[in-house]
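Presented sequentially are two complexes of chain A, the first with chain B as partner and the second with chain C.
For the complex of A and B:
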């Protein structure tokens, strides 16, 4: 009965829309600038609907008499779960051998379930429609068919067997240090660099000297601009001037942004905050960890330009608004590719561009 | 409120019996409003929740006279930072669960198809670039001069993309469309 009601209302209400009345016509013909072209009006769309109700069809007597859901459910071997089936995800992780396992995070009964996405961010659209193919074109290097690149020297060198002690030693590291750099492959259609995640990190040394209020204000400011719950970190270094003791003082907050949050944050940063910074030359050309991650910092007064803080500026103690470091992690294997990607997205660089 | 005898009042103070009629757990808006409205008055509050039930005692006011007060805004920030915002997991009936599952699967499929089309489009662009370059190299008849010029990568990774062009997509194109008089800004 309850399932029938909406369609009955629809069947009753539909003819009413076709009755011409001055008011409804005026309302239907009104169009805003943001609307699409008036190719399809509401009345046109309503004509597509069938006016005949499906509820008037008669059911044959034999089908009605043989309809017995209870008997049918009894013939089932395994019963369906109850109509009000309520699976409770376990509150604590008891290990892989426990019979009560949590469901997949996409399951709405999971405790990790996050609804969404709710929007298609502009930064993501720009990347997919413009930036990806631009980078592909800019970085294209032609190799004739059948071309084979000459073999390179191995990245880990052998020991020259000048000493008997070289036997069974692990291979030598690369020249000029022990750091084994990432391997940069030529950029093709399947490895165009893209932004992977963004990390906001804020180190508040006053949290160790003064009180925890500094850390709380920093945490809620970072949360407000990133839409992500922050993690806190204890100090690792020992600085006598700041009265820092390793492992005792909680001094830093960090938020990791991915997916929709990340693109929204990037859009705000590029469109709202960075253009309003006074005398800001851009990100330093030598920034980066030589594996495709670029970091720059924002001062406290620059953090206050984020719209979430700006509209609510009175609710933060002004001297306690933190600065932060923003790390843009990209899938590029070298900094130069990451810089090309970020400059295509609208982040300026200044100074000598270090490769 | 009914006035109590001083003896009863002091006993209530000792046993922490609230003498006002305010509820024990105040609502968020009321906490915010109360705390902010009290900003002009001197004297700190120790906790937004605590002040509501028993605060106006003389002993507490006396004790905190010497210390500098906590900023009310920090108190509020602490209240909201530690507020348990995580709701319990959703519990759906069978039909709603199936509906959710169907929509979820359809959305995943749609996204996979979209990613696939984007990837194929990029692959198509790459292959046509490859074909064009090969044609330029062998069939243009200028000894590969144009091909060599087209492969010149000078300045791509040092000059980067001009900041005027590194901008987000907008809903509509700009009024003048394409600026033919544009010249690269000289760096100082």
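For the complex of A and C:
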């Protein structure tokens, strides 16, 4: 026993010393989790999930063809009372101790339920399959091993204690204005910029001067192109020439698009509307609020190019079709990254690109 | 017994490179060469007292050939095929929406007495719902609960829905046109499966439209690989990648190189170090760094390739393992897109 043990250690240990480097062997021995990851097909996962799915089980032809839910329900002698199958959510919240509690908003019987999604938007698929990985490659910054970023000055400046009154004062904002810019972190796999939401906003000053018809038409037009119920807003400013009084006149409509609606709107904008604009140079390169949100405007005649308005253009009073401002909110922390994302999605920029 | 094993361990550890520590376990000793951040700091602090001249990263002669490779890809052209579950789910949600949404405001879209209005009345009679892609379903009827599709129903199929939309547009165009002599034809969308798919033509860029395709070339030895050539002196990786692309696959392509950094690498170790006949330098293998690139237009052309490449193919991620070695695929698979 004792004679055998050393030879085993020697046999295992000796060849290692004659390998040119420890590194090559280390690579051979390394195992990654991704090596053993199964091929990611959704169908396979579904099969794992539930073998007796209604999508996969085979049913005999006769059973399938003879199944008629309507006829079956009619053969019942007594129908179920309505309350047994049609649950109505309580209209008012009577507190957590009341026996009649509203269902979760994801329940179709809830009053807050919103159906959807209805499709996988093309713009979203393009982002996921092509744009996101390209942005990740483009924004990669190599830091060699042992690299330490140079220390930055604190974002909020301290008082220099030259006066006794500086004691316990709150810190000062940055130089050149008191706006604290967003921190831009290096773009990694988990913070690739993406489009978060889109805001359509239309300010109709004639709604205050003329009649409310302007606002109705603007609301219908924005609703038609966005598939989202609009909110209305009263004026905050006082403009004597437009006979605007703050808090009295309702002058603006806004729609916030998210998720599927947002990607459908973006697809229509990029593929249908923007290519048809005449003499449109693109979005101005200096637009943006320096925290990754880009805004541009469409004129009334450009709004009319949306297919939803075009299909029954006659129904809109031609003078009353509004223009609108489109704000693309992205998760990018700087306008530079937002512009990179949007130009990859297909929105052109022109002029001096301000970072 | 214990003394014997300890003696052997000590003998082995004496034969090992001396920079390794006795206090470090064996598995850690194997990986210690690549632990740069922590080990560099500790080794620097220990060696500083003994030999200040020796650095943590000794300069070694380049024993590997450095190659620049290109992952030239054609992004997906159309949306992906929906899974059966997704089709069923989306269809279910559409009918549910039909039940919950406010009724369709007909008078906003169709003026009374117009041919369009007459056409609309006929159609709403037939399908009982304003939506054109959910089949015959009345969301306001007594039996609106019967919204599930029966086995074998085609209504949830996207191809069927597109066909229904086209037929609807065609019938509207025919019913409202002044000229009754000729029939209107609404152009169908192009098929999702192309000619190249049917023929199995792997050289065409028109195949597998919902997938990303990658350019693979066959070297003169018969091995399939992503295009790559050795980097020349005084050349950046990006320049070398651009040169590689023009030298291997020709200039008849409109391509865009994504960024200046490689997206992946491949290391090939020779069994024995090869000695170069001219310079006498030993080569232990080759390391290839892949730059990402997109093709916008054109096609690969190997007729002028400097490496005498035999063949090329445009392959999806699933097809690549059939052509390359397992070791090569294990290096490149993580930089290829899922779709």
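The rule we apply is simple: the second predicted complex is superposed on the first by the 254 of 355 C-alpha atoms of A that agree within 3 Å, B and C clash if a C-alpha of one lies under 4 Å from a C-alpha of the other, contacts with A are read in each partner's own complex, and residues count from 1 in each chain.
Keep in mind that, in the parts below, contacts are C-beta pairs under 8 Å (C-beta built on N, C-alpha and C of every residue); 3 or more make two chains touch, one makes a residue touch a chain.
The structure presented is a predicted model; accordingly, all values stated were derived computationally and were not measured.
In the superposed pair of complexes, A:157 makes contact with neither chain B nor chain C.
In the superposition on chain A, A:189 makes contact with chain B only, while chain C stays out of contact range.
Looking at the shared chain after the overlay, A:116 reaches chain C, while chain B stays out of its contact range. With both structures placed on the common chain, the touch criterion links A:267 to chain B but leaves chain C unconnected. Using the contact criterion defined above for the overlaid structures, shared-chain residue A:146 touches chain C, although it does not reach chain B. Contacts of A:64 after superposition on the shared chain: chain C is touched, whereas chain B is not. Of the two partner chains, chain B is the only one touched by A:80; chain C is not.
When the shared chain is aligned, no partner comes close enough to touch A:181: not chain B, not chain C. Once chain A of one complex is fitted onto chain A of the other, the partner contacts of A:108 extend to both chain B and chain C. Shared contact residues of chain A with chain B and chain C: 85, 108, 113, 122, 125-126, 128-130, 133-134, 137-140, 142, 145, 220, 314-315.
Remark: chain A residues 80-89, 106, 108-111, 113, 122-123, 125-126, 128-130, 132-134, 136-142, 144-145, 188-190, 192, 213, 216-217, 219-220, 223, 267, 270-271, 314-317, 320, 336, 339-340, 343-349, 353, 355 touch chain B in the complex.
Across the complex, chain C meets chain A through its residues 1, 4-5, 7-9, 11-13, 15-17, 29-34, 36-37, 40-41, 75-76, 79-80, 82-86, 88, 90, 93-94, 96-97, 100-101, 108-109, 111, 143, 145-146, 148, 150-152, 212, 258-259, 261, 263, 267, 269, 284, 292, 294, 318, 330, 334, 337-339.
Across the complex, chain C is touched by residues 1-3, 5-7, 9-10, 13-14, 16-17, 20-27, 29, 34-35, 39-40, 42-43, 46, 53, 55, 59, 64, 67, 69-70, 73, 85, 108, 113, 115-120, 122, 125-126, 128-130, 133-134, 137-140, 142, 145-146, 220, 311-312, 314-315 of chain A. Chain B makes touch with chain A in their complex at residues 70-71, 73-74, 76-78, 80-81, 89-95, 97, 100, 104, 118-119, 121-123, 125-126, 129-130, 133-134, 137, 147, 151, 153, 156-158, 160-161, 163, 166-169.
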